[in-house]
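I have a structure here, written as structure tokens, and I will follow up with some questions on it.
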Amino acid sequence: MKIALRVGFGLVALALAGAVHAGKKNDTLVWLTEFEPPTYDFYAQTNREGVVLAKHVWDTLIERDLSTGEFKPHLASSVTYLNPTTIEVKLRPGVKFHNGDLLTAEDVAFTFNWQNDPANTKVAARSRTDWVKNAEKVDIFTVRLHLKEPFAAAMAFLESSVPIFPAAYTKAQGSEGMSRAPVGTGPYRVTEVARGKQIVLERYSNYFGGVRGQAKIGKIVMRFVPEYNTQIAELLAGNADFIWRVPKDMAEKMKGRRGLNVMVGDTMRYGYLQFDITGRAGAAAEPLRKPEVRQAIAHAVNRQAISKNLQGGGTVLDLTCYPSQVGCASKGAPKYSYDPAKAKQLLAKAGYPNGLDLDFYGYRDRQLAEAIMGDLSKVGIRTKLQWLQYAPLRDKVRKGEVPFNFMTWGSASISDVANSTGYFFAKGPDDTTQDPKVVDLLKKGGAETDPAKRLALYDEAHTLIARNAYWVPLWSYVYFYAMADDLRFQPTPDEIPHMYRASWK
Amino acid sequence: MLKYTLHKLLVAVLVAVTVSFVAFMLLRLSGDLATAIGGESARGEDIERIRTQLGLDRPVLTQYWDWASRAASGDFGRSYYYPEPVWTLLEERLPVTLRLACWGLVISLVIGVPLGVLAALRPNTLIDRVAMTLAVLGQALPTFWLGLLLIILFGLLLRWLPISGADTWMHYILPSFVLGYYSTPAVMRLTRSGMLEVLATDYIRTAYSKGLPHRTVLFKHALRNAVIPVVALASVQFGLMLSGSVVIETVFAMQGIGQLAWESISRQDFPVVQAVLLLVSMFYVWLTFASDLINAWLDPRIRAG
Amino acid sequence: MNSPLSTASTVSTADVEVAVATPGGASRRMLQHKSFVIAGTILAVIVLMALAAPLIAPYDPYDQDLNNRLVAPVFMEGGSWAHPLGTDGLGRDYLSRVIYGARVSLMIGLLTALLSGLIGAVLGITAGYFGGRVDAFICYVLAVRLSMPVVLVALAVVSLIGGSLVVVITVLGLLLWDRYAVVLRSATQQVRALDFVVAAQAVGASTPRIILTEVLPNVMSSLIVVATFEVAHAILLEAALSFLGLGVQPPLPSWGLMIAEGRQHLLFEPWVIVIPGLALSVLVLSVNMLGDGIRDLAAPENRN
């Protein structure tokens, strides 16, 4: 039996050696991914694959320049503030949608107004557009966005969350029609939708280019394969060219194999330990209302080791946001080093010399959760794991039933603290801290349009949060990507593989 | 016969209704669907809006009556996650699972019946125990492991079969085998005991004493009688396979209702979960109703009760 | 007799003939039945291992060591006797986890079988003894239960209230009583017609007394046979639930959970799945063999 095992293992190793991928030959990239979006209408869903596909099929008004990181006009030719609550957008003339329609101000205005319209029931996250009170068409290529109040993260939202939809087509086809046959201006057009199986994209020959330039790969086939072992088997067999979110151990074993290339990229998604100190979680959460207990937890978890050994990388974070997000910096925020002895001291000081018992909630990354639990038990904090699915867990957190949890947040890839710290500590439904001072600072920061003043406000907020250890920020997540070695691909931190920038070697 | 049929029909309908009610109430154990639909990055306001839009703020019994009355006419409502109506989703995915279940059944019969016969001919010997072990292994081996092992062997190393998907008949070979192997112990045990029972009867002894050749006795008489309960079991196993294919559909990336059910459970997409539970139960209810009728027709003693 | 209701279980009523208890000779027959002895021995070893776990396990099964993750077992390349069965993804000694895992798997199997056995026995005996409307009602309840797909229902429930040892045992216990009910109903029907029961009724003994003193001892062997198969069934279902993330919770060393946790190491560190898988298979096979053996011993005249 064991011999069979060894032989089997050897054979797998052999199999790894000879993967021949057809991708480059027929200019088709076969990309395997776990989850099929429920609909291809970007605005009716929040699924990660849906966001990725949207990036390829539609364009946004502004885009980030890869080399400088600056926001540059893309579909727009200029984007300017007329006053703190009015943004004027001038569009590039001559841009055509995949179905031949010309892009005009009507489409931009429609995109905002239709998503904000209460009669529209197919909106998954109105927060993408509802910071705009209404969009006014000024002339054929000019739109004015009237904001509800000054919104500092407007540019970030325009870059990531508002792809421009074709007004006439969307009105005629509705959300379902758009899902069946998506139409946008983007570098790829959808040529086949096989529900449950795959979606096929082909390079759009009339793409206007803009900040993104032309796509190099002719065809992309995205297939839905829920089991990652199966994805790897397909990659090894040469039937697929690109897989992502590969578990670290498997990725490392595939490194160095002929025919394959394994890459790792940091992402904006970060993990955190959250406490409910509002008092709603009852007696179970009482110990956590003492800052020393929270600080002890911060010192007890060996974030560096866990992230490095279990995840294979990632940045250890000290603030409740991702470093590249605008506003994510703080000069005064204390850092919590890995120090189990200090953790025990703090616990004793708080009145728990023999440790304490806590319920610990989580929904993903079990090994990481277990590693955290192991570290906590070493300083006397005995945890009982409550493992739930994401939705019920989030529900419980909002109701105030969860004293202590481990969760992650991707900020919807928005490069602004407004969607991370600004979301969790400004009295929103997921705010389990509700410190009035922090709330005030963040609300002011959200409306402040002077960049320097804004950063100062966020700096102070982060210092307060870190001093009180309202959260224990853990690490940023890394993604492992495995692909045929004749594919040239560069990962980016926004959790979106930008295939329109990829090419064959 | 008519009275018997009507009686069985009544029971079938009663069971169907009860199952739908239990399934509906079961899923109300806890949880807020609005959060599930909103997804991992949705904000509080978005979730509240979803809640009112979908009528999730009404009393539970009202929601059930609403659903049940529509389900009776084939309208299972709309999924909370997909834009399509639930019935469309089921329609799209049922063929895959049905095909898997059929082939799985065939395989479990192909493996289980001969093993059972073999064991019955040599009861309590090594052959019997080996046959039993082979059969039970089908349940003791983790399904996903067996599936992935076969993928590595046939899909990766030998390149004889495709790895994932449900496009051609070749795609069904490996997953059907894994599914069928799981049901083999049940089939085998039943065949074995059925054969043993029949072989011990006077009917068979008479056949032997008449001097009929061993093989004729075996196949023409014994097996045919022993097969009746196996046919009934097959209908039950079929229902089991529909729910047992969750793991297999996931591993082999086949979009059937098993995988749909699992994903819908994770997302708390209640209308879909309810519809799938109801659908699977209906298969069982109507298959057993049909086999009850067939058995009664074959064996008048059953009708008499 | 061959209605789908009875064939729904893998142990058909044809399998289980009621044998009125006969004294003596039983232990001799037990020892002569080969597979019963083998299975019994293996199970005894596993039970002993579970009981003596703190004494024989070389390490604490919860002790993680992130620097020593995924060490190979001693019989593979890179292994050593420091960890004879290697370590898992969190660096925990696998041998210790396998030893302690026996406790969890056995506990799940036994407690679930106990709970479902209680429910199923009550329902089955009641239906078989009283007949008529009571029987019809219980058969209806049974039909409802049988038509519900166990895996999906268990998944749905656990996904809503969270998985844990207690939840798994309760949920499975409340779902897996059907075979008991079917078999015991049939067995009780047979016993009810026997002389001594009729005599007891004629004498005017109270119904509970009759059931407890006359019926129960005589259906006990059927009960035990079903129980052994159900123990195996419960253990396997827990493994399946754990694979889908909704079984017992880490860091509990349950063989089912260990198999599930090995999913990401399936291709390159196969021992993580093979070792607990082997342990589970051995346990399930032995339990099945034991069940077969008991059934044979309880009704020897049906065999050969």
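Just so it is clear, A, B and C label the chains in written order, and each chain counts residues from 1 on its own.
Basically, a residue touches a chain if its C-beta (ideal position, glycine included) is under 8 Å from a C-beta of that chain, and two chains touch if they have at least 3 such contacts.
All values derive from a computational prediction rather than experimental measurement.
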Where chain A and chain C overlap in contact partners, by chain label: B
Chain of greatest Cα-centre distance to chain B: A
Chain A and chain C: spacing of chain centres that average the CA atoms, whole Å: 44
Mean-CA-position distance for chain C and chain B (Å): 21
CA centroid of chain A to CA centroid of chain B, Å: 39
Sequence positions of chain A contacting 2 or more other chains: 8, 12, 229, 233, 389, 392
Sequence positions of chain C contacting 2 or more other chains: 159-160, 263, 266-267
Contacts with 2+ other chains: residues of chain B: 30-31, 144, 148, 152, 266, 268
Complex contacts: residues of chain A adjacent to chain C: 1-2, 5-6, 8-9, 12, 228-229, 232-233, 247, 249-250, 253, 305-306, 309-310, 366-367, 369-371, 373-374, 377, 385-389, 392
Of chain C, residues touching chain A in the complex: 62, 64, 66-67, 69-70, 75-76, 89-90, 159-160, 162-164, 245, 249-251, 261, 263-271, 274, 278
Complex contacts: residues of chain B adjacent to chain C: 11, 14-16, 18-19, 22-23, 26-27, 29-31, 123-124, 129, 132-133, 136-137, 139-145, 148, 152, 185-186, 189-190, 193-194, 196-197, 200, 228-230, 232-233, 235-236, 239-240, 242-244, 246-247, 261-262, 265-266, 268, 273, 276-277, 280-281, 284-285, 288, 291-292, 295, 299, 302
Sites on chain A touched by chain B in the complex: 8, 11-12, 14-15, 38-39, 41, 44-47, 121-127, 175-176, 179, 195-197, 223-227, 229-230, 233-234, 236-237, 239, 389-392, 394-395, 398, 409-412, 423, 428-430
Chain B-facing residues of chain C, complex: 2-5, 7-8, 10-12, 14-15, 33, 35, 140, 143-144, 146-153, 155-157, 159-161, 232, 236, 239-240, 243-244, 259, 263, 266-267, 273, 277, 280-281, 284-285, 288-289, 292, 296, 302-304
